[in-house]
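Next come two complexes, and both contain subunit A; in the first it sits with subunit B, in the second with subunit C.
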Partner chain A sequence: MAYDHIPLDDEFKALAAFDWGADAAPLAKLDAAVIACHGDAALTADLERRFGEIVTGKASRAAKEYACRKLSMIGTAASVPVLAPRLADPAESHMARFALERIPVPAAGDAIRNALGSVSGDLAIGMISSLANRRDAASVKPLAALLGGDAKLAAAAAVALGRIATPDAAAALAAAKPQAGPVADAVIDARLACADAFLAAGDREAASTIYRSVAATVGDAPKTHRSRAVRVAAQSGLLACLDDTVAP
Partner chain B sequence: MRDKLPPTRRRFLAASLQASAAVVAAPYVITSKALGDATTPPASDRIVMGGIGMGNMGSGDQRAFLARPDVQYVAVCDVRKKWRDDAKGRVDEKQGSRDCAAYVDFRELLGRDDIDAVHIATPDHWHSLMTIAACRAGKDIYLQKPETLTLREGPLMIQAARRYGRVVSGGSQRVLEDYREIVDPCWAGELGRITSVDIDPGPSSMACYLPAVATPSDIDWELWLGPAPWEPYNPGRCDGNFGTGGNSWRSYIDYSGGSLTDWGAHNFGGTIFAAGLLDLQPTKAVWHRAAADGQASAYATLVYPNGVEVHCNRPKQLRPADTAATISHERGITIRGDGNAATPRAVPAYRGSGGIYGDFIECVKTRQRPFRDLEVAINTMTAPHMLGLVRRLERSLEWDRAAQRFVNDEEANRLLDRARREPWTL
Partner chain C sequence: MPVTSQHGPMSPTTALITALVLTSLIVPQILTAADAISASTRQAADDVVSLLGSGDADLRAVALDAIRHGLKGDWATRMVADQLASLPPSRQAALLLALADRGDAAALPAAAQVAASASSAEVRAAAVQLIGRLGGPADVAVLVTSLSADGPQRDAARRGLVEIAGPDAAAAIRAAAATGSPATRAAVIDALAERRDRAALPVLVQAAADGDAAVRQAAMRALARFGGPNEIPAMVQSLLKASGDEQRAAELAIASVCTAARNAGPSTDVLIDRYQAADEPSRSKLLPALARVGGPKVMVIVDAMLADPARRPQGLEALSKWPDATVKDRLLDLLGKADDPQEKDLLLGTLIRIAPLPDNKLNDREKLDLLVKTMALCERTEDKARILERANAIRTIETFRFVVPYLDDPALAEPACRSVVELAHHQKLRDANKDEFTKALDRVLGITTNEELRERVARYKAGQTWDRKKKN
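After this line comes the complex of A and B, so read on.
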C-alpha cells in the first residue's frame, strides 16, 4: 500500500474530532500510512506536519496522544518546536516526552533538558527519566545540580546519572553526600551502575575505585536485605576487577 | 601477623568469597516459630514472602507458595481492594491469624526488611520497574511471564539481578511441563541437528480507545496505570486476564504485548528450550510479505546465530513435508532436524520439589540459578518482541545483540522502549 495513493484528508479530519470511545476505524489508515511512508522523506514530512497540526490544534487529549505516538515513530527535528512547549503542561507533558524521547536528534534532548529547568515535581522527574533513557551526556551538569535538593528529584537524578554512566556522571555521584535514606540509596545504586559500565568497558581501575568506595560506605550499615545486596554488588564487582579471566 | 600480609589476588578472592558466601547464602532469618514443628521447618529454612499483583495469576502463584511449609507468607499488595482483601484473606485463613499486611503501593511492601522474596503478577507494564526495585531492595523475585514489555527492559533487569546477586525466576511453568514430548526427543538427539521450527504465535496487542467511565472507588487508577500513558478508566482496560481480543488489559499495547508475548512466553519458551536456543537471541527477523495473488499470508522468520530458523505463522502450503526428523506439538509447534546423528544431552530439570515454584524456593535457599532464570527468560522474550516489531513495521530487521539495537534502522530502534509516565523511571 503506497501512502501517496491514500488521500487521508478524511482520516485527519476524523482524528481532529476524535475522542476516546469514538469510531477508531479512520485511525487504522493513519497507522498504515506511518508504516508505508518508511524511506520516503517527503511523504514522511507531510505526515509529520499534519500530526503536528493535531498536537498544536484544539483536538482532544485522546487525539493529541495519538498524534504524539505517531510523531514518536516518524518525528524529526521539525517536530521539536511542536512538542517542546507541551512539556510543561501536566496533561500533555508525558506524551510530548513520549515522542521527543524517541526522536534521535540532539534538538530533542536539548528540549527535554531545557524543560528540566522550568518544570518541577513529577514533571521534572519525567524529564530526568527521558534524559536517562537517552543517556544524554550533556545533562550531567544539570542532573548533578539536583543531587543536593528535593529528595525525589535528587533520587531520580542519581538514577539517571547511573544510566548515563560517563566519568563526569560518576564524579558527580562520588561528590554527592546525601544523608542516609532514599537519595543515598539511589546514589549508591547509580555508583554501582557506573562501576559496572566502566568494568564492561574495560576500565578496571575506575570500576574498582567505585566498588571499594561503595563497600566502605555500607561497611558499617545495619545488616538488612538492602545492605547485604549492596555488599554483594560491591564485592562481586571487586572480584570481577581482579579476575583477569572476566572479559570486560 | 596475618593482618599485615600484603593483599594478593588469591588472598583477596578467598576472603571475598567467604564474605560473599556469608552474605549471599543465608536468606533473612525470621524469629517467629523459630524452631518449627512436625510440619513446618525451622525459621532458618523458611523463606518470608509477599506478593504484588494478586489477580488471576497472582492468586495462583500465591496459593502455590502458601501451600509450601518452607514459606512464611506475610504481605500482599494490589491496587484493587477486592483482590487485595481476597489475597489477605487466603493468607490469614491458612495461617490462622490476621497478621498478613495488605498494601496498595508496592514500594511499601518492598521496604519491609523481613521479606526475603516476592512474587510479581501485575500487568506487564509494571514488570521491569518492580523487578529492578525489588533487586535494589535485596529481594529475590518470582516474576510472572511475559517478563518484559519492551526490548530495552530486559538488559536493565538482568543488570540489576546480577549486580545485587538476586535469584530471579521467570514464571512460565509450561516450558518444562507442557512441552516434554518435543523437548525430550530433541535433547536426546533423535532429530539430529535442529534446523528449523514452525510456530504459530498469537496476535499482537493493539491500541485502546475505550471511552471514559466513572472510576470505581475500589481501584487506585493512577497506580494501576503507573508508567503507562494516562488514559481514562474503563473496566475493559484493566479487567480480565487472558482475553486478547479487546476484553482485557492483555489486548492493549500500553500494558501488554498481547497473545504474542503472553502465550508466546510459553510457546516460544517451549520451542527455544526444545531447539537448544536458550542462550541465544535472533540475529535477524525476516518479513515475508503476503503473496500478491492472495494465496499466502504474510509471515516472519527469526534467524538464530547457529542457523536455526524459526518460522512464525508460515502458511501451511509453504512448509516442507514432514520427515522422520520432524516432530510436532499440539500447540502448533513443528521442529525439524537434519536427521544426522547427534549427541544426547540431559534435559535440565527443576531443582527442589514442587514444580517451578519449588525450583524458585530451592534456588533462593541455595543461590543457584532457577530453571527459567531471568537471562533465559529475556532471551526467550526477545523472539516475540522482535516478531511484534517486524509485524508492526512490515519489514525485515537485523539485531545486534551486543549493542541491543537494530542495525541500520533508526525507526525500529525508536521502538526498543517507550517513555514512562512521570514519576516512574527505570
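After this line comes the complex of A and C, so read on.
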C-alpha cells in the first residue's frame, strides 16, 4: 500500500504540542498509522523517523513518552542512536529503556548494556531489569561482576541471571559467594529459576545438578520458612528431573 | 560361570537355545508396563515412597504433589497405594486424597480395602471419596454400604454416588435403590435425584408407592425435580397414602411438577383428570395439591365448589392455598360478602399472604394497592400487624410511606418499626430517600427496645450495612 505521509503532518504537529491533560483525539490517527504500518517498510521508516524527531526535539515529556511507546512497537536499529543517549538522563531514561528493551535488534541490547556501566542506583537497576527481560546472554559477564558489589545491584543482577538462564548464567550464580541476606536469597531463587528453565528445555542433568546443589545449601533440617520453601522447591525439581514419564 | 541343567552341563549351543526358548516363553509375561519404565523414573518413584514416610510435612507434601501430577502410569499408582497400610491414619487420608486427585483407577482396590477395614473415620471417608471419584459400577456397592456409616464417611458416600461416572454405574445405583434398609434406599434415591438421572424415573415411580415413608418421601423429592405428566399418577397415589408432614410435602412435590416450565400444562391436565376420576375422600386429599398448582383450569373446579353451598368451605380452603395473586379480586369480593368470622379470617390471611408474593403477577404498585385495600378490611390488630410485616417485601418508597404513619399507633408501632428497619436495609432505597428514612429511623429508636432493631438502625444511619443472621 502506497503511503503518503503528508496527511499526518497535522497530527505530528499536535503531538509536538501535546501535554498531559490536553485533548488526545488528534493522536488517534497516529495510533492507527502505527497499526497500519505493519508490513509497510516505507511507512514504518517514516513514522520511526518522525517519532524520533519528537524524542530528540523540545516536545513535552508527555509527547516524548508517547513517541517512545510507539518506537517500542515499530523501532528498528535506526532508533537506537536516538534513544541510547537518553538512558543516562533520569527524566528520560525510563521511557527510552522501555522502547529499547522491546526493539528486537542486538544494538538495542548493546545500548542498554553499555549504559549499565555509566549509570548507578535505580537507573542501573532499570538497565539490569531490561537486560533480564531481553534474556540478553551477552550481559552475563557484566551482571556476574555485580554479584559481589552493592547489595541492591547484586540482588537485581542475580534475578536477571536467573531469567537469562544460560549455562554461563547458571555458572556465574553457582560461583557467587554472597553473605546470608537478600543477595544470597536472590542468588538461590535465581539458581532455581535456571534449573526450572533447564528442566523445561529438557536438560534434566543440568537441572538436577542445580537442584541438588541448592538443596544442600539448606540442609536436612531447615529452620526458617524461606529455607523450607527452598528445600521443597529443590526436592520437587529433583523428582521432576528423575521422572521421565512427564514431559518437562 | 558354566551353564548347567538338572541333567548336567549343557553345550553352549544348547544353553543358547534353552535361553531363547525360555525367553520366548517368559519374557512376554514379565515384560509389563513397569519394565518399560526407566531406572530414573523408578528412582523417582522410590524417592516418593521414601518421602511419604518422612517425618517432615514439607517433604511429604512434595511427595503428594508428585503423586498428583507426576509419575504417570498405573504401576506407580499401585506402588504408592501399596504404602497405605504402612502409614499412620492422617497420612493415609492425605495419600488417598492425592490418589483421588491423580485420577488413576488403579488405586481403587487399595482404597476399597481401606474403606472396609480402616479404624479411622477420616481415612474411611477419604477412601470412599476416592472411590466416588474414580470408581465404576463395581464400586457402587462400597458406596452404598458406606451410606450406613456415620459422619464424614456417609457424606463422602453420598457425594460419591452423585459423582461416580458412567452409564453402568448409574444402572448399578438404580438397582441399589430397590434393596437395603429404607434409610439407605432413601439416600440412594436422593443421589439419583442429584444426578438428575431421568432413566431412574421407573425406579422412582415404584419407590413412590413403597411401604416405607422415608423411601416414598425421597422418591417424591426426586420426582419433584424432574418428573413429568407420566409420573403424576404415581405421585397422586403416593399423596393419597400420605398423612401429616408427608402429605404436605407430597402436595408441594406434585405442585412443583405441575408448575415447572417443562411439561407444566400436560402434568396439570393429568392431575385434574386424576382428581375428576377420584372418589370424594380422595378428592379431598388431592384438592390442596390442585390448589397449589393454580391456573384457570383449576379455578373452574374451585368456582364450581364456591357456587355449591355444601362444598363452599372446600373451595375457600383451596383458594387459601392459591400460589399467586391472580385470585385477588375474587378474594376481595368474597371477603366483602363474608359474614362468617372463620371465613373472613381465611380470606384475609390469604390476601395478606399473596399480595407481596414475588411472582410477577402484580407490579409493586398493584401489590401495595392490594395490601392497602386489605388493611381497610381488617378489624383485628393482629391482622393489621401481619400486613405491616408483609409490606416490607414490597421495597418501594410508597410502601415506606404506607408503613410510617403506623409508628404513631401504639398497638402497631412495633411491627411498623420492624418494617421500617427492614426497608431501610436496602441501601439504594434508603440513600435515595435519606431524609425521610433518617427521621423514621430516629422515631424507631424512640419506640423500640428490641436490641437488634436498634443496632440495625444505628448501622443504617451511619451508612453501614448489617449482616443478616443465617437461619439454622
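Just so it is clear, the second predicted complex is superposed on the first by the 240 of 248 C-alpha atoms of A that agree within 3 Å, B and C clash if a C-alpha of one lies under 4 Å from a C-alpha of the other, contacts with A are read in each partner's own complex, and residues count from 1 in each chain.
Keep this in mind: a residue touches a chain if its C-beta (ideal position, glycine included) is under 8 Å from a C-beta of that chain, and two chains touch if they have at least 3 such contacts.
If you're wondering where the values come from, they're calculated on a predicted model, not measured in any experiment.
Applying the stated contact rule after C-alpha superposition, one finds that A:A240 touches subunit C and leaves subunit B untouched. Of the two partner chains, neither subunit B nor subunit C is touched by A:A151.
Using the contact criterion defined above for the overlaid structures, shared-chain residue A:V232 touches subunit B and also reaches subunit C. After overlaying the two complexes on the shared chain, residue contacts for A:A17 are found with neither subunit B nor subunit C. Contacts of A:L192 after superposition on the shared chain: subunit B is touched, whereas subunit C is not.
Touch criterion not met for A:A138: it reaches neither subunit B nor subunit C. Once the two complexes are laid over each other on the shared chain, residue contacts for A:A175 go to neither subunit B nor subunit C. Subunit A is touched at more residues by one of its partners, and among subunit B and subunit C that partner is B. Residues 228, 231-232, 235-236, 238-239, 242-243 of subunit A are contacted both by subunit B in one complex and by subunit C in the other. Across the complex, subunit B meets subunit A through its residues 9, 12-13, 16-17, 19-20, 23-24, 28, 113, 115-116, 135-139, 152, 159, 163-166, 207, 209-212, 229-232, 392-395, 410-411, 413-415, 417-426.
Only residues 37-38, 40-41, 43-44, 47-48, 51, 58-59, 61-62, 65-66, 69-73, 76 of subunit C touch subunit A when the two sit together in their complex. By the touch criterion given at the top, residues 20-22, 24, 27, 31, 35, 38, 62, 65-66, 69, 72-74, 93-95, 97-98, 101-104, 121-123, 125-126, 128-130, 132-133, 152, 156, 159-160, 163, 185, 189, 192-193, 196, 224-233, 235-239, 242-243 of subunit A touch subunit B in their complex. Subunit A makes touch with subunit C in their complex at residues 204, 228, 231-232, 235-236, 238-240, 242-246.
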